[in-house]
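Before anything else, here is the set of structures, which you'll find just below.
Paired with subunit B in one complex and with subunit C in the other, subunit A is shared by the two complexes that follow.
For the complex of A and B:
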C-alpha cells in the first residue's frame, strides 16, 4: 500500500471529475472524518484514516482489499473506474440519465443504452460526458458516457446508442472474482 | 501325363528357388566390411573400368548399388530381432566406425591467476577427501558447502576478543566478513573469465566500447557529470540539457501514514490547478445554441410549408448532423487546445 504519486492523483481526479465535476472536493475534504486514497496492487482504495491505520498491520501479500475500491490503474497508467465506486459518486453526480424499466435489464447485462430505453437525461449534457445511470425509481445502476448531447438525443432515431456502458451493478455478479 | 506335369512342376519349382537365391546371393571377389551399427558397408572390390566407361554406366551403378544393399540387408537379417507392435525390428549393435568431429575441437582455456602462480611455484594439486569428521556433531560432514563440518557462521557463542569494541555485534561481523569473501571470490572469477575471453573490463565506471549508441553516450555523459568531488552537485547544465532525475534509483513514495492535512491540501491545490486549466464549455454551448436556432427555423418553416414538413424536417436533421459532424471533426487531434474539451 502506498499513497498515490502526483501523476496518478492527477489521472484519477481527471477521471472522477468527468463524473462528479468539482464535487471531488467533497470527497477529499469530508466533515465527518479524514478519508484518503491509497494504492495497493494497482488498485485505488478510498478509506478512512482509522481503517488505514488498522490495515497497516496486515502484510502486503495477505492484504486483499481496504475500504472501497474506486478503480485500478492499467499497465499503461490509465485509470479505470470500477462499479464499487458508485456509492460514493452517485450522490455527487452532475449529469444523470434515467433509464426506462424495460431496458434496465439490458443495461444491467452490460449493453449500451439506446434512445428507446432513455427515460430522462439532465439538460446540457455534453457529448462524451461521464454520467451516472439511474432507474426510474432513482436507484443508481451504474456509470456511462453520454454518446450524444441532450439536444441531439431529442432528434436521433430510437435505435441509436445514447449512453455507452462503463460499469453497472450487474458486474457484482458477473465479475465477482475480479472485483475487490 | 500326370508324371510329366509333376516333373514339370518340380523343375519349375527348382528354377524358381534358384532364381530367388540368385536374387539374394551376391558373388563378390572380396567380402564387404560391415558396420551394422551405422548401417554401413565398405566395398573394396575393384571396379571394372570398361563397364564404367560404356554408356551402360547408369545400369552398372544401379546393379552395384543393388548388390551391395542386398549384402547389407542380409547382414541386418543376421542380427537378433524383436517384435515391436507387430513389426519385426532388428536390434543394431553399437557402431564400430568412429565418425569425424562435427564441430572444431575446443581451444584450451588460458590459465587463471592461481594456476599461473601454482605453475610458477611448482605447487601440486592435493586431492582432498570429501567428508571430514565433525567433532561437535559427531558425524561425517562435507568439507565445504551446505551443512559443512566447521561452519563459522552457525556458532551460537562467540567470545568477544579483548581489544574489540564491547558493543560491536560479533555475529554480524562474521556474516559480513563471509559476504565480503564470497563477493571477492566472485569478482576474481569474473575477472578470470574476462581475461580468458579478452573482454576489456574497466577498473571503475563504464567499459570502453568502439561504437556507442545514443543511450550509451547519454549514460557516459551522466557518469562523467557525477564524477566530481561533490558528485556533480555544482555542475551546470548545458543550455538545453535537463538534469536526469533518479537514474537507476528506486522510486521514493510518500510515507503511508503521512500528514493527512498536508496531503489533503496538496490534493485540493491540484484540483484548483486542474480547474483553472479547464476551459469553459464554449464548444458544446455553441453547438447547442446552433441546434436550437435550427430547431426554431425548422419549426417556423414547417408551420408555413405544411406539405413539405417532412422533407424539411429531414433536411434540418441532416443539416444538424453535418454541423455537428463538422464540429466534431474539428475536435480531432490537437487542432486547438480548448477544443479537446468536448471529447472527454
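For the complex of A and C:
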C-alpha cells in the first residue's frame, strides 16, 4: 500500500471533479477525522487515517481490501471509477438525473437511459457532463455521462439516449468478481 | 354395438397382452416351448434344447419370492386383525423381523411406505418399552433395526445416524431428520447503516414481498414467506439496504455485541454476513479485520462490504492460525469455525453421506488450533472488551463442547453468558466425556425446535494475557 503520486492524484481528482466538482475537499477533511487515498494493486482505496495505521500490519500479498475501493488505474494510467464509490459521490453530486420506475430495471442491467425513461434532470447540465443517476425515491442507482444538455433533452424524441451508462448497482451481482 | 359393450357376446377371451406380460416371460414364451421342447419354427432355440434362458429363470424366481413376502405381510395383517377384533386394551404388537428376513431385505428393494411405517412402530415401542416390547427381544435389537431403517429412509450413512442417535432421544431424532428434509425460511437482515426495518419492510411489501418481523429477539431481522420478485436482486438489495442471512447467523454477533470504536477480528468471515452485521452495530467506527483463508470466497466479502456501505473494514487472506503473529490485541474476536456442517443438512444434503469419523476429528483438530489462536489474539486488558465468541454450524459434540473445554484447559479464559435467552444449553457430559460445568452457558440451536439452522454459540472472556505453560486443572 502506498500513497498516490502527484500524477495519479491529479488524474483521479480530475475524474472525481467531473461528478462532484470542487467538493473533493469535503472527502478529505471530514468531521470524524482525516481520510486519505492509498494505492494497492492498482486500485485506489479511501480510508480513515486510523484504519490506515492498523492496516499496515498486514503484508502486501495478503491484503485484499481496505476501507472503500474507489476505482482502479488501468495499464495506461487512466483512472476508472467503480460503482463502489457511489456512496461517497452521491451526497456531493452537482448534476443529477432521476429515472422513472419503469426504466430502473433497464439501467440496472447496464443499458443507457433513453428519453422515455427520464424523470427529472438538473438544470443547466452541459453535454458530456458526469451525472449521478437516482431512482424516483432518491435512491442512488449509479452514475453516467449526460448525452444531451438539459435543453436538448426536452426537444429530442423518446427513443434517443440521454444518459450514457458508466456504472450501476446491478454490478454487485453481475460482476462481483471484478470488484477485487 | 361394439364388441366390448355387446352383452350377447359370452365368449371368454382370457387375459390380454398386457396381463400376460405381467405374468412373466414364461407365458409369452410358452407359445414356443411345446412339452418343454423348442417349437420348430424358432431357430434360436435349436441350440438350447429344453433349457430356459437366464431371463426366464429370473422370472420364475421372482414369481416365487413375492409369495414369501406375502406370507410375512399376511402374518402381520392377521395379527392386526386379531387385535382389532379382540379387546381394545391390547394394542397392535410390533414384530421384529428375524435376522434371516433382514438379510433378505438387503437384496430386495423395500418400499418406502413400509419402512416408514416400521420406523414409526419401532419408535412407538422404544418410547414405551416395558409395555410394548416383544418377549425375549433386547432393546439393542430394536435400535439396530431402527438405525438401518433410518439410513435407508432418510439416506444417511451409518456413522452419522449412530452419532445422531447418541445426541437425541428417539422421538426427537425423527423430528430432527424430518426438519432436515425441508428448507428453513428465508430471512434477511436490515442494514441499519442505510435504512430502518420499518421503511425497508414497507418498500419490499410495495414490490410484492410477503414478510414479517423475525421475532422478539431481533430488531433487524425479517422473514420472507414468499415473493413475486427475486429477493436477492431487488433495487433495495442492490443499494445495500438489506442482506440475505440465515437467522442462526444473527446469534453469534448478538452474543459478541461489538461496541463503537473497538478493534474487532472476524477470523472466518466469508461471505461477510456477520462482518457487516458487526460493522452496523459499531456504526462504522473502530475497525474490523475480516479474514478468510479462501481467496475466492473473499470476493463475496469485498462485494458485500462495499454494497452495504461498510467503511471501517480491512480484508485479508491469512490462515486463521497465523493470527496473533500478524496482528494481536483485539478487543473482540469472532470465530465462526469451519466445521462438518451437520447443522445445515437442509442446505447441503451431501453431508448425510459424505461425513465420517475422520472428517469430524479433522475438523475438531483445526477448530482447536483456531480457537487457541483466536484466544491469543484477544487483549485481556482491553477496557471495553476481552471477549471471544466461538460458533459453528454443527451439532456434533466433538466440534462444539469438546473444543471449548479444550480451550478452557489450555488458556486463561472462562465462559460467560451469551445473552441469548432461548436455545438449549450445551452439554456438560456426553457419553464417556465430562466437560467443565460452565459449558452450561453455551447455547445449542436445532432446526426442529427453533426453526433455524443447527448452531452452537459460546462466549468466552479472557482473564489474562499470560499463556499457561502447564495445563490448568478443570476442577472436576
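Structural remarks
Criterion: the second predicted complex is superposed on the first by the 179 of 180 C-alpha atoms of A that agree within 3 Å, B and C clash if a C-alpha of one lies under 4 Å from a C-alpha of the other, contacts with A are read in each partner's own complex, and residues count from 1 in each chain.
Keep in mind that, in the parts below, a contact is a pair of C-beta atoms (placed from the backbone, for glycine too) under 8 Å apart; a residue touches a chain by one contact, two chains touch by 3 or more.
Everything numeric here is computed off the predicted structure, so don't read it as measured data.
Judged by the touch definition given at the top, the superposed model places A:139 against subunit C, while subunit B stays out of reach.
Of the two partner chains placed by the overlay, only subunit B lies in contact with A:6; subunit C stays clear of it. Of the two partner chains placed by superposition, only subunit B is touched by A:129; subunit C is not. With both structures placed on the common chain, the touch criterion links A:77 to neither subunit B nor subunit C.
In the overlay built on the shared chain, the residue A:116 is in contact with neither subunit B nor subunit C.
Taken together, the two structures place no residue of subunit A in contact with subunit B in one case and with subunit C in the other.
For subunit B in complex with subunit A, the residues that touch the partner chain are 253-258, 260-261, 263-264, 267-268, 270-271, 274-275, 281, 284-285, 287-288, 291-292, 317, 320, 324, 328, 342-344.
Those residues of subunit C that touch subunit A in the shared complex are 203, 232-233, 235-236, 238-240, 263, 285, 287, 289, 295, 298-303, 305-307, 309, 311-318, 326-327. Residues of subunit A touching subunit C in their complex: 32, 47-48, 50-51, 54-55, 57-59, 62-69, 84, 87, 104, 108, 135, 137, 139-141, 169-170, 172-173, 176-177, 179-180.
Note for the complex: subunit A touches subunit B at residues 1-3, 5-6, 9-10, 13-14, 17-18, 22, 24-25, 28-29, 34, 36, 38, 49, 52-53, 56, 124, 126-130, 149-152, 155.
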